[in-house]
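This report refers to the structure that appears directly beneath it.
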Amino acid sequence: MKALAEIQVIPIGVGVSVRKEVKRAHELIRASGLKAQLHAYGTNVEGDLETILSTIKQVHETLHTEGTPRLSTNVKIGTRTDKEARLEEKLFDSGSS
Amino acid sequence: MKALAEIQVIPIGVGVSVRKEVKRAHELIRASGLKAQLHAYGTNVEGDLETILSTIKQVHETLHTEGTPRLSTNVKIGTRTDKEARLEEKLFDSGSS
Amino acid sequence: MKALAEIQVIPIGVGVSVRKEVKRAHELIRASGLKAQLHAYGTNVEGDLETILSTIKQVHETLHTEGTPRLSTNVKIGTRTDKEARLEEKLFDSGSS
Amino acid sequence: MKALAEIQVIPIGVGVSVRKEVKRAHELIRASGLKAQLHAYGTNVEGDLETILSTIKQVHETLHTEGTPRLSTNVKIGTRTDKEARLEEKLFDSGSS
């Protein structure tokens, strides 16, 4: 099933700056092959729901293996049957000011 | 990998009342075998991360099959390597007033 | 306007254990006079929307004053005009297994 | 206190398409004077925490007045005392693929 999602990974126990771990999470999401758009509060993705979920699992496993002791991840998942979900469709203007 | 999570399913396009669909989602989560605690903003679960993620997928597939045209799901996932994650550990008092 | 909300405060930069700060946030929420129910992923509240929002502000200000360098808070807010929003109404069974 | 936030408004009871209401919410956020960046899962804002919170209240009040019977809003709020929070700082690359 096709889905859209937003994935925000919050590393805990690595200090006040979490930039390195958040960047690594984004790299792993992009490497998954999902269409990915980075923003200040996470990475929006478009693709197969199963791929999205396995990517989340891989991000947790990889960051823990690489030394992050604790992760709190926020995920929003959107699916619909009336038409195909696309990231672009959710934007109604150029939207930055 | 062991994980805690909160799963909140928001059905869209079924009207102002979403009680039937939210109840159905909670039933599916409980049927997964995960330890599950219902509250006003979702169902907290404890179990294997892979089971948690496959349960989310099953909830989306089942609710769509049963007629909900659109779903927006919020998930919080917590994992840690310093000690075992348990729902009870996250509660520090009896907490209701 | 009457509202329901879920408030989850994630302290960053205080180490792997965040129990002390999360407990403090919950105490501040209860002290606000809002009806409050603690669970593993936050505190659910019921009350006036303005009180809920000012309580969130107070939690951030107090925790920073008391030494937490960074906070990432997740809030879900629900309002409706068709009937009065109540925490109990959102629960459809005893819900723990 | 300066803050960053992500605001995602989910209208319930207006049908499967929520585009009109989501667009209206974004317009209200931009009209608040907060720095605002639209993306597929919400509007990221930068500004005074009090202005952010009063804007959320205004969005709920306005959308209800204009006919939306129920709203479920997700907000992420970030504050820090070690340095000034800025939306741009949270982006570590151009990030779209």
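Order as written gives the chain letters A, B, C and D; numbering starts at 1 within each chain.
As a working rule, a contact is a pair of C-beta atoms (placed from the backbone, for glycine too) under 8 Å apart; a residue touches a chain by one contact, two chains touch by 3 or more.
Source: prediction; values computed, not measured.
Put simply, the chain farthest from chain B by mean CA position is D. Annotation: C-D is the more contact-rich of the chain pairs A-C and C-D, by number of C-beta pairs in contact.
With centres defined as mean CA coordinates, chain C is found 25 Å away from chain A.
The distance from the centre of chain C to the centre of chain D, with each centre set as the mean of the Cα atoms, comes to 19 Å.
For chain B, residues that reach two or more other chains under the stated contact definition are 12-13, 16, 69-70, 72, 74, 76, 80, 82. Looking at the complex, you find that chain A touches chain D at residues 4, 6, 8, 16, 19, 22-23, 26, 30, 35-44, 74, 76, 80, 82, 87-88, 90-93, 95-97.
Residues of chain B touching chain A in their complex: 1, 3, 12-13, 49-50, 53-54, 56-57, 60-61, 64, 69-82. The touching residues of chain B, when paired with chain D in their complex, are 10, 12-13, 15-16, 18, 69-70, 72, 74.
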